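For clarity, chains are labelled A, B, C and D in written order, and residue numbers in each chain start from 1.
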Amino acid sequence: MGATGYAGAELARLLCTHPEARLVAASSVSFEGKKLSDVYPNLFGVCDILLEDEDAVVAKSDVVFASLPHGLSEALAGKCVAAGKKLIDLGADFRLDSEEEYNKWYGKAYLRPDLHAKALYCIPELHRALYNGQPIIGNPGCYPTSVALGAAPLLRAKLVSGSVVVDSKSGVTGSGRGLSDTTHYPNCNEAFSAYKAAAHRHTPEMEQTLSALAESEVKVTFVPHLLPVNRGIETTMYFDLTADVTAEELHKLYADFYRGEKFVRVLPLGRAANIRDVKASNFCDIGVFVDAHAGKAVITSAIDNMVKGAAGQAIQNMNLMFGIKEESGLELVPPAF
Amino acid sequence: MGATGYAGAELARLLCTHPEARLVAASSVSFEGKKLSDVYPNLFGVCDILLEDEDAVVAKSDVVFASLPHGLSEALAGKCVAAGKKLIDLGADFRLDSEEEYNKWYGKAYLRPDLHAKALYCIPELHRALYNGQPIIGNPGCYPTSVALGAAPLLRAKLVSGSVVVDSKSGVTGSGRGLSDTTHYPNCNEAFSAYKAAAHRHTPEMEQTLSALAESEVKVTFVPHLLPVNRGIETTMYFDLTADVTAEELHKLYADFYRGEKFVRVLPLGRAANIRDVKASNFCDIGVFVDAHAGKAVITSAIDNMVKGAAGQAIQNMNLMFGIKEESGLELVPPAF
Amino acid sequence: MGATGYAGAELARLLCTHPEARLVAASSVSFEGKKLSDVYPNLFGVCDILLEDEDAVVAKSDVVFASLPHGLSEALAGKCVAAGKKLIDLGADFRLDSEEEYNKWYGKAYLRPDLHAKALYCIPELHRALYNGQPIIGNPGCYPTSVALGAAPLLRAKLVSGSVVVDSKSGVTGSGRGLSDTTHYPNCNEAFSAYKAAAHRHTPEMEQTLSALAESEVKVTFVPHLLPVNRGIETTMYFDLTADVTAEELHKLYADFYRGEKFVRVLPLGRAANIRDVKASNFCDIGVFVDAHAGKAVITSAIDNMVKGAAGQAIQNMNLMFGIKEESGLELVPPAF
Amino acid sequence: MGATGYAGAELARLLCTHPEARLVAASSVSFEGKKLSDVYPNLFGVCDILLEDEDAVVAKSDVVFASLPHGLSEALAGKCVAAGKKLIDLGADFRLDSEEEYNKWYGKAYLRPDLHAKALYCIPELHRALYNGQPIIGNPGCYPTSVALGAAPLLRAKLVSGSVVVDSKSGVTGSGRGLSDTTHYPNCNEAFSAYKAAAHRHTPEMEQTLSALAESEVKVTFVPHLLPVNRGIETTMYFDLTADVTAEELHKLYADFYRGEKFVRVLPLGRAANIRDVKASNFCDIGVFVDAHAGKAVITSAIDNMVKGAAGQAIQNMNLMFGIKEESGLELVPPAF
């Protein structure tokens, strides 16, 4: 659903080569009746699937991916659950536990609280143990994914205070396929600035996940910036250390925490995460630093916002839901350039 | 051989996921003893193969890919042939039939003329019928690949005169991993110019291939330009038509010529080839136009210079050499962005 | 008029520091009542001029610059002439001598043929001798400026045949401030393709100017491409030489032709024109090459599409109209990066 | 001195059009005997000054600008002072009051402590009152300029704690004209990462300036990032507020502090600083935000690293030294794109 948005296009790219899934239907309100490759010429001859209506998609699928404006996924989730289908929602509707927070940031109430009880918010590396057959998965936001994976070991180890500075930078695809002054080429090329400083909707999602990891309230000051590249999110996080930790100890903490994880790469000590090195892949790279003189830990993380930050993680969640090997269809090697 | 050059890095990326090939050894003069992923952090945890010396590579492999400065492949070819191994040379040493032309453009003689008789220059879509077990394949240059595929139908149909204008634009990876003023970021970002106008070494390769297609002499005026992007070559070719042809007829000629080819996409009439739509894939997209008032055919073609223009075509040639399905390991879906 | 378009913004930037002109009024249909710096934050505190209506601009000014959609400038020209004001039109309405061609490419008739008799099409380096007090100047198109300056010496010297291949590449500001899929950042970043191949509206303007220079019919095959940079046009032109000319002779021809011109730089032999080196300036750089083996001259030219290709040339024309030194307000040094 | 480095090229661009200064000599160790425009083709025909040796420059000038590797400016300063000439040093040698810090970060001792007593570190908006005829000015670093101007009002008002998080992003020209893997186009295009996290040499300079403003020790956690653009530094700073302040109050504090300053633009409330809007100009734009829920002030600042961060500020300091109007030669209007 919403196949002609950027997450939809990326899902199509990944599902095309998934060894255990098949893309059977796609829908788009704006382009119904056209082919997906009419909208995305990169897919010409590769994925010429017809864009149908919502009901066709629900009817034909075992699992539905929804990339819809917020507020539209609950109704769809109802249909899917009624029809015995699974739903992975790439929007914001199933991310927040607190209806009050949802209401505050999105200006809407929950229409179907019963469905929220059947939904799991899931970054697999952190939450897969909580999956027990829920038919709905709330796929995490792009920024929160980069933050949660970068912060988890420190928070779990209870080494830091409850206030975090999160300075993120996202490629332009994060703003989607819709036209805007902000994404008009001459406005964002050779440009760089913060936007929605300390006022971005992903803040409550971060605080929810980080507080759960820390088992105590964590406050996040989150400032996103628009980066003149197509893909990628780099997040630099600043934590007040509550204990003396060396960079070596911190690095070991991270390496141990993520040992065995296919998609999280703790970088060699001294190397910072670069969006270049995770491009078009499902990796999250993490670099760790200590500023001893100011008593802070500095964590850098990088993901591809459209893969680990959207379509790739959605497929990882699909694999989890269906008991498929988690990395299936996601063994994507990032190109060097 | 030459694994730390850009073509080598791209070969590693593609061989990693090839279902019927395995990367068993790699060599690099500059980085011997290091891992490939020390040089290319995108490969960290994915392809940590050790960089060994040349002999180790020849000994362990069934087929060797060489990305070496020109003049070094003949000796290596000798070793490979003697050891019963196959060689795919991504350099210039096995591209030109005429030693005189090689000497003129590269300033060297052929040391082993016997080996040239055992080598085939091969763009599979145009030359696969000529493959009959040669142990050496001269992998075509990036620019010449974009030109030959774009020009072939017109030349075979003998619809054009013997003089072609070729205006090509290449991404910066075409200049390789070596540092230079030209590829220093502030010099090539927000910049654009021609270079080696009418004096580029790929000209004789183009003339050789085009003349063979036309079965008569074709002269090429070739002007390459440096494009501020990482990947991709776009070529716009201008032919003097010797007969009245409509755009529809020209489009049909191309569609018929490439029917059944997996990697050449003749675009719908009116659409020009865009490097974006072939990125990281083995496709060559072709758009055809007619300028009736000036009596010219205008052909645009786009390839990824590192894939169809280098590593991808080399793997396609490997598949051909080993009787593997030609698209094996190359079913790469270009991302939308 | 049309001050919030890109040419308007660039005019404001240049007029701000012009020693003999003052920006007294500006209008915009879309932003009337706002400040120009509300739309262009670069001008905040520098040029906070209020956007008024058309009549206010005509009333307050000695000369009006119009950047309007085609078809709207004739009526404005009538008003200006009636009020004794001068008009410099940056649109297409006063560029073509032939109403038939205008009608063919723009789908409109001339409503006020009398005004066309009072208008001069003017690239100062080529046409300033024709200026004799006309109240209207048709400011040339960006592509045609790069072509006419690059072609003039060859055509005047009658050294080439009547058919020219023009391969141009333009930065994205050439498409203006209006939003479109084509100029959405993720669509044009890391992308490159031709558009309107052999079908662009600037073709008849080129043919008109080149034919006048050659004193015989010149046919132009013109293919523009969209370049992922903000500013600049690079044009590579291919001429069939009708006489043997060496590169040295060609270079001397150009150097002599443009001797004393402030804004045309004939580059040292062997150097191609680069949009980088003319950025934000009124220069046109020209590089000349000969392809002896194919009998062609290859000329490369580079301008800043928003300066020499629009606002800068308009100011140069204003200077001409008012008898001010032609380079006044235009002594802009291109930055190195 | 060091005229062929990026700061030198930018100084040449600005001095060319300065109404009260004239560029009389330039030197370069690497290119002595060539013209500056041989190295920077943008200057061809505009500034073809010959590159001479150091002594020629000292002899001919009233004031010398030095862009030299650290450690080389003291000797030069000695020569200049002896000859009664002024020196503006764009390197690090005259920035730090504490020889101990200099030694710690640069690994060298001060050879001429007497000269340091004759030098002033000077961001004119903050330090001009301290200028009383010193013959040497230590021109501030690019990052520290963006930080000091952004932090000054908050620190002077004693509204924040003594620990600041500084997350900066710089365009590639910040790395200079020298070639490196980091600045090779395919490595930094479509890439983004931190470097020298919490270990950059500009940290002590920031702490020195900020502590002086606050009149108490300020610790800075500084993480620079490399931004894929040519020019510009954006800095986002995070302060712990020690008192309740609204965004409106903070905005008024900044507007009052910088009232009358030509080069510092406090942006309308809600707008973040964008490097695009200060490009090629001497402006520093500042945007202010309050994160009430976490008790933090967030300040964003943007400068052009080569102008306000280097050559422009150097000329501003020259104007100060010679009693010229401070904005002379610096009334540069940033282009919109």
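Here is the rule we go by: a residue touches a chain if its C-beta (ideal position, glycine included) is under 8 Å from a C-beta of that chain, and two chains touch if they have at least 3 such contacts.
Please read all numbers here as calculations on a predicted model, not as lab measurements.
Visitor: Same residues or different residues where subunit B meets subunit C? The copies count as same if more than half of the interface numbers are shared.
Guide: Answer same: the two copies use largely identical residue numbers here.
Visitor: Of the pairs A-B and A-D, which shows more C-beta pairs in contact?
Guide: Pair with the higher count of C-beta contacts: A-D.
Visitor: Taking each chain's centre as the mean position of its Cα atoms, how many Å separate subunit A from subunit D?
Guide: Spacing between the chain centres: roughly 38 Å.
Visitor: By the touch rule stated above, which residues of subunit C touch at least two different other chains?
Guide: In subunit C, the residues touching two or more other chains are 6, 173, 186, 189-190, 228-231, 274, 276, 279, 336-337.
Visitor: If you look only at subunit A, which of its residues touch subunit D in the complex?
Guide: Touching subunit D from subunit A are residues 163, 165, 167, 169, 186-187, 189-195, 197-199, 219-221, 223, 225, 227-232, 234, 236, 238, 272-276, 279, 287, 289-291, 293-294, 296, 298, 300, 302, 336-337.
Visitor: For the complex, which residues does subunit D have touching subunit B?
Guide: 6, 172-173, 177, 179-181, 183-186, 188-190, 228-230
Visitor: Under the definition above, what is the set of subunit D residues touching subunit C in their complex?
Guide: 6, 9-10, 13, 16-17, 40-47, 173, 190, 230-231, 265, 267, 271, 274, 276-280, 285, 306, 331, 333-337
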